[in-house]
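There's a structure below that I have some questions on.
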Amino acid sequence: MIVDCAQYSDGVRQDVGPLDISTAAERSRSGNGFVWLGLHAPDEAELKEVEAAFSLHELAVEDAFRAHQRPKLEDYEGNYFVVLKTARYDDEREAVDFGEINLFLGPGYAIAVRHGEASSLNEARRRLESRPDLISVGPAAAAWAILDKVVDDYEPVAEGIDNDISEVEDQVFSGRGDPTERIYFLKREVIDFHRAVRPLIGPLESLESGKVAAVDEQIRRYFRDVADHARRVDEQLHSQRELLTGVLEANLALISLRQSEVVRAISAWAAIIAVPTFIASVYGMNFEYMPELDERAGYPLILGVMVVAVLLLHRFFKRIDWL
Amino acid sequence: MIVDCAQYSDGVRQDVGPLDISTAAERSRSGNGFVWLGLHAPDEAELKEVEAAFSLHELAVEDAFRAHQRPKLEDYEGNYFVVLKTARYDDEREAVDFGEINLFLGPGYAIAVRHGEASSLNEARRRLESRPDLISVGPAAAAWAILDKVVDDYEPVAEGIDNDISEVEDQVFSGRGDPTERIYFLKREVIDFHRAVRPLIGPLESLESGKVAAVDEQIRRYFRDVADHARRVDEQLHSQRELLTGVLEANLALISLRQSEVVRAISAWAAIIAVPTFIASVYGMNFEYMPELDERAGYPLILGVMVVAVLLLHRFFKRIDWL
Amino acid sequence: MIVDCAQYSDGVRQDVGPLDISTAAERSRSGNGFVWLGLHAPDEAELKEVEAAFSLHELAVEDAFRAHQRPKLEDYEGNYFVVLKTARYDDEREAVDFGEINLFLGPGYAIAVRHGEASSLNEARRRLESRPDLISVGPAAAAWAILDKVVDDYEPVAEGIDNDISEVEDQVFSGRGDPTERIYFLKREVIDFHRAVRPLIGPLESLESGKVAAVDEQIRRYFRDVADHARRVDEQLHSQRELLTGVLEANLALISLRQSEVVRAISAWAAIIAVPTFIASVYGMNFEYMPELDERAGYPLILGVMVVAVLLLHRFFKRIDWL
Amino acid sequence: MIVDCAQYSDGVRQDVGPLDISTAAERSRSGNGFVWLGLHAPDEAELKEVEAAFSLHELAVEDAFRAHQRPKLEDYEGNYFVVLKTARYDDEREAVDFGEINLFLGPGYAIAVRHGEASSLNEARRRLESRPDLISVGPAAAAWAILDKVVDDYEPVAEGIDNDISEVEDQVFSGRGDPTERIYFLKREVIDFHRAVRPLIGPLESLESGKVAAVDEQIRRYFRDVADHARRVDEQLHSQRELLTGVLEANLALISLRQSEVVRAISAWAAIIAVPTFIASVYGMNFEYMPELDERAGYPLILGVMVVAVLLLHRFFKRIDWL
Amino acid sequence: MIVDCAQYSDGVRQDVGPLDISTAAERSRSGNGFVWLGLHAPDEAELKEVEAAFSLHELAVEDAFRAHQRPKLEDYEGNYFVVLKTARYDDEREAVDFGEINLFLGPGYAIAVRHGEASSLNEARRRLESRPDLISVGPAAAAWAILDKVVDDYEPVAEGIDNDISEVEDQVFSGRGDPTERIYFLKREVIDFHRAVRPLIGPLESLESGKVAAVDEQIRRYFRDVADHARRVDEQLHSQRELLTGVLEANLALISLRQSEVVRAISAWAAIIAVPTFIASVYGMNFEYMPELDERAGYPLILGVMVVAVLLLHRFFKRIDWL
């Protein structure tokens, strides 16, 4: 599905509604600015049409159709194919929803194929349209706008995970409920998210350092800015993995410790009841000659002894902190 | 055993049935296209014949006969020897079956020696035969077809392991049975599989980057595509190892936690029975003067006290969540 | 807020009070020494004014305004933008307070934008003012003074953490209280602090090795000195992470061990009371013919037997070290 | 002790019995083939004689005498000194016995000084003598023969460890005995063995890549073959370390799990006996009015109730899988 | 404090007693051999004098005075400043005592500033004085003598730690006492020691590879020898860290296992006493009609039954290995 398509030249967008594919391809060859074509979850026919109109390489188009690639930047003789992962945090499910954007860059065109819901590119387009100075740079400006949007959208995901880690820490150290499963699945999300972010840094550094010929000197520091955000997220995710490992270990230590405390409390109570039970069993013996049994005060006295024993034991276990 | 052998030139396969070794060797020297010879688990005599006919290096042939090499790419002065591991997932046994393909590439010939059942190369051959443009590239095209098939076959293995990890997660967090042994052997499979995949990335990157002289510019991006799939599998395996480590730790925490719960429940029941037992032992004492004993209502009253004590204790332990 | 602003030339500070921004910018273009402008938590208007007066790059200014960047050194065509994290240890809360300094360096000016309380730069300025030989080097001297101060301020933080680790070790091995939570949050602080220090080493090494054009040969060894301090802190933090991991593991082992000791002690006491209780229950049996029951000495004898049994058991458990 | 010493030229061994040192040194300077001198655990005098006769460097000779070096390849201006570790697996003791070979290579000579029992070099010599084509390459051929033998001998060691790991896995998952100590010492052996193998890969890659001037193009692929075997062993050891770590973790989980099962079974039996004991204590009470006591059927009835209670409890605990 | 100071030229030491600083500095400029000045824990005045006399760089002198640097090699335009850590093992306290040597090398002088007790340099000086051939190399020979001594002194430290690890292993697997604290502090020592050794390898490799201009070709292989020893110690420390991690894990497993055994033994004894107690409570019931009670043989019979029950239970628990 074509989301939007327009020619950008002389620093402004030239068209209001979306161009169709063949017009766009024609304009891209006019040598006047560039065309930005945005597709969302296109079907095979649409992609074939785009492939033919812009003479894209079959391997790149196949990747764009199948999606589920790893982030990468590939050079097809001056045309570039970029894959990047989009991410959105669903705080309810504590899960990261991933999407994918496939980007074709060539002289006169930038084609963005988006899969999944995250990181709608309308905002990226608006961001570009507000910067006439960058539009004049060519299709790399569109690439910048898209990468900037996608990487900016990583930050709320990392924040969301940070929040959940704080919650999990609370849960672990307050001893409320069992956070083991939550910690595990949070770590799983972090690992998956890291897998989406980390491989992008290489391509971004290629764009930043000018290894990619199509990228103008002027816009390279904008890519550096994006790369820097990606590196920040990468480092944050690295820390989060460490924290989640640490919190799981702390959790294990605390489970052991709490079991230990339970065992102590139980044992204290067992001792408290064992002593009067023993006393009672002594006076249940059937010896002929047991002087206490004949005393009128015997029974209340012994009950008193039991109570005192219980109280002393209770105080003792309180003092050694078992109760 | 010769599986298939044919000459490829002018974009098409020239022969229907398999050529014999000497004819194949002769044709390979004709300067007209190349010969693709496929062998499966050949005996020593066959390999010696091939070695002589194509003047292969003894060390490479020895490796191809012994199999059990690590993935590698070796340069014998313009002839290349590639070792790669094939893999197939046996979901029943949760085990990866490995095989090996040894590939000799030289001017005019591509010889594939396959050991083990995984990754039959018929499909690779068909894939190549449907691409006349690639056939004209020479023997490197056969290498591409084989590598592409082998690496494509890695993906269902990684998927199978992913499924088993999900099952193991269910088992761990639902507390059904003990998944420790299963987790361990799954991790063992992942380690073994990773050992088959990881060393292949180096050779694939050599092919991709043009360090290998025999590889045409045009086909290098096809190798890049294969390398990219291998890198994806490598990253997936990396994550799987982390997940399996994590799930084993979570399992350990949950075992401790469940033991803790059992200890609490047991202790609660012990307390519930200890209290009436104590009461009974008190009225088993043989004191002369125990007024309760002489009351007609004494016995039913005490039974009632016992029942009430049990009910109160039960409610108490329910409330503190020990039962 | 402008903290201080002065021109430095001919080895001395030229102005007493702070210059205003436009004067400072004018002087910076005079080719005579350089201007050091220090701002603390400036508002947007102030930064815009500085941006305009010194023709700074918008991306750098945006970073300086938003703060929360990772440490980095960026080259804007001969002008440099440096981000570094300041740190201060709050021993009370066992937490590191982070701040940030953004540094713009160009021909004739050094602008420091500080956020947060840590590492006030007055001292850095005084340090520079006492070194006329370095002032003549130009704005890089101001960069050195600031970096030197910031990295020097890392050392008390690392020391503070070292002290807390020693305290935690004491706590773990003496068995007083439960240090799990403290260890975890200490590790968290170390991870965060490491994230502030480690990325700074790259930029410092660029300054040290002369990759940054604006840095004079003479001052490079001063940057090497700073880089060396940063590397020391980095290695110290690395060790601290390992120690905290180790102390958590030791803690877990000791929790298990102490639980084990508690279980033994409890069991010993249970045995000590179970034996006389059993004896009493034997003499509570109602057999017609139990000769001991009729003996006058029976009761005291049995009480004696109970005492002896208790003493023997107690001694036994002492000897096998369960009590 | 001189084990063997002969001159090799024109593709064949020239001498039957061992040459003495001075003759060997003279022949080595004849420019006709090379001399291979093999020593086993030589005393200082012998080494001094060899040092003088072949003008070896004192530092290398000192290393060869002291043994206990790490594997390395050192260049003494066109003469080379190689240290490598030999290994032999003693399956009885589950221990690796290490030895050391010090190799001096120079124009016209190869001197092997062997310490320890493993990897006798007679076989290496025979291997070389069967390859006239390699003999003509010069002393590097002797180096190849020795390295090939030593690295080949690593494989049974790694196999032996693999077998022991399988045994340990059986032991862990069947729950027979406690394999903790065995796992630990196995891991220790793997770490030691890895320390012998890993540093050898660098020198082998130097030989393979032609960084060592004395090594002929023709023989470099034989070194590549040896390097490849060493890399395989290295990767295998890497996996073994991971497996042993994993098996220790699994072992810990299973110890916890089995303790948990024991606690459940014990608790079930405690409950089974506590209930009839409680019933008996009730009828041991001395109330005047307890109608059951006067019934003739009371006693057998109560015994029956006890039996039924025991049977029901037993069935219940069977069903919840505690017994 | 000046420990010793002498001029070395023409292969021999020229002076008997220590020269004073100004004479030494003068001689160092004579172009005749070099001066080796050794200081131990100098005060600020002494260092200032040396700084002035030899025109040392202020930053290096400041480092040498403050000590507590990390090992490094710094180039001050043809003068070199080396920091290295000395170590000595105090087996009593199982602690490594660290010292520091700061070395200034320049044309005509080598100045060693030593802090701490470890690695007295008298021996290094004697080692150099016995090698006229090396003396003629210049000040680098003094550097070699010092580095060789310091690194040689690392080996007994590593040995001492190895011994303590063996002792700890014995303790863990024999179950005597609790080695947790000892393991932890041993690991702490290894981490600290590693931090002293590892950063030295880089500088040593610079000396070995000739990156340092002042180092003569002839002496570089002596530095290679030192570097090699340092690498050996580094690898040994790496293994020791792994072993200590492993031994702590094994310790944890064994604590769990032993707790498990204790729980079983306790439970067995509890069962052994619970059964006769139950029997006694049955015959403590007050039923009118309990025929056994009236039998004369009843009491001894029941005592016999109790004994038999105890014996059978004991045998049973022996057989299932709980006792």
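In order of appearance the chains are A, B, C, D and E, and numbering begins at 1 in each one.
The rule we apply is simple: a contact is a pair of C-beta atoms (placed from the backbone, for glycine too) under 8 Å apart; a residue touches a chain by one contact, two chains touch by 3 or more.
Every value quoted in this text rests on a predicted model; they were computed, and no experiment measured them.
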{"item": "Any chain in contact with chain D as well as chain E", "value": "none"}
{"item": "Rigid-body rotation angle, chain E and chain C, from Cα fit (steps of 5°)", "value": "70"}
{"item": "Type of chain A:chain B copy interface by residue overlap (half), same or different", "value": "different"}
{"item": "Averaged-CA centre spacing for the pair chain D and chain B, given as whole angstrom", "value": "25"}
{"item": "Computed distance of Cα centres, chain C from chain B, in Å", "value": "41"}
{"item": "Residues of chain C whose C-beta touches two or more other chains", "value": "249, 252, 256, 259, 263, 270, 277, 281, 284-286, 290"}
{"item": "Sequence of chains encountered when the ring is traversed from chain D in the direction of chain E", "value": "D, E, C, A, B"}
{"item": "Partner chain D, residues of chain E touching it in the complex", "value": "169, 173, 221-222, 224-225, 228, 231-232, 235, 239, 242-243, 246-247, 249-250, 252-254, 256-257, 259-260, 263-264, 267, 270-271, 274-275, 277-278, 281-282, 284-290"}
{"item": "Chain D to chain E touching residues, read off their complex", "value": "57, 59, 63, 69-70, 72, 74, 76, 178, 180-181, 183-184, 187-188, 191-192, 195, 199, 248-249, 251-252, 255-256, 258-259, 262-263, 266, 269-270, 273, 276-277, 280-281, 283-286, 290, 292-296, 298-299, 302-303"}
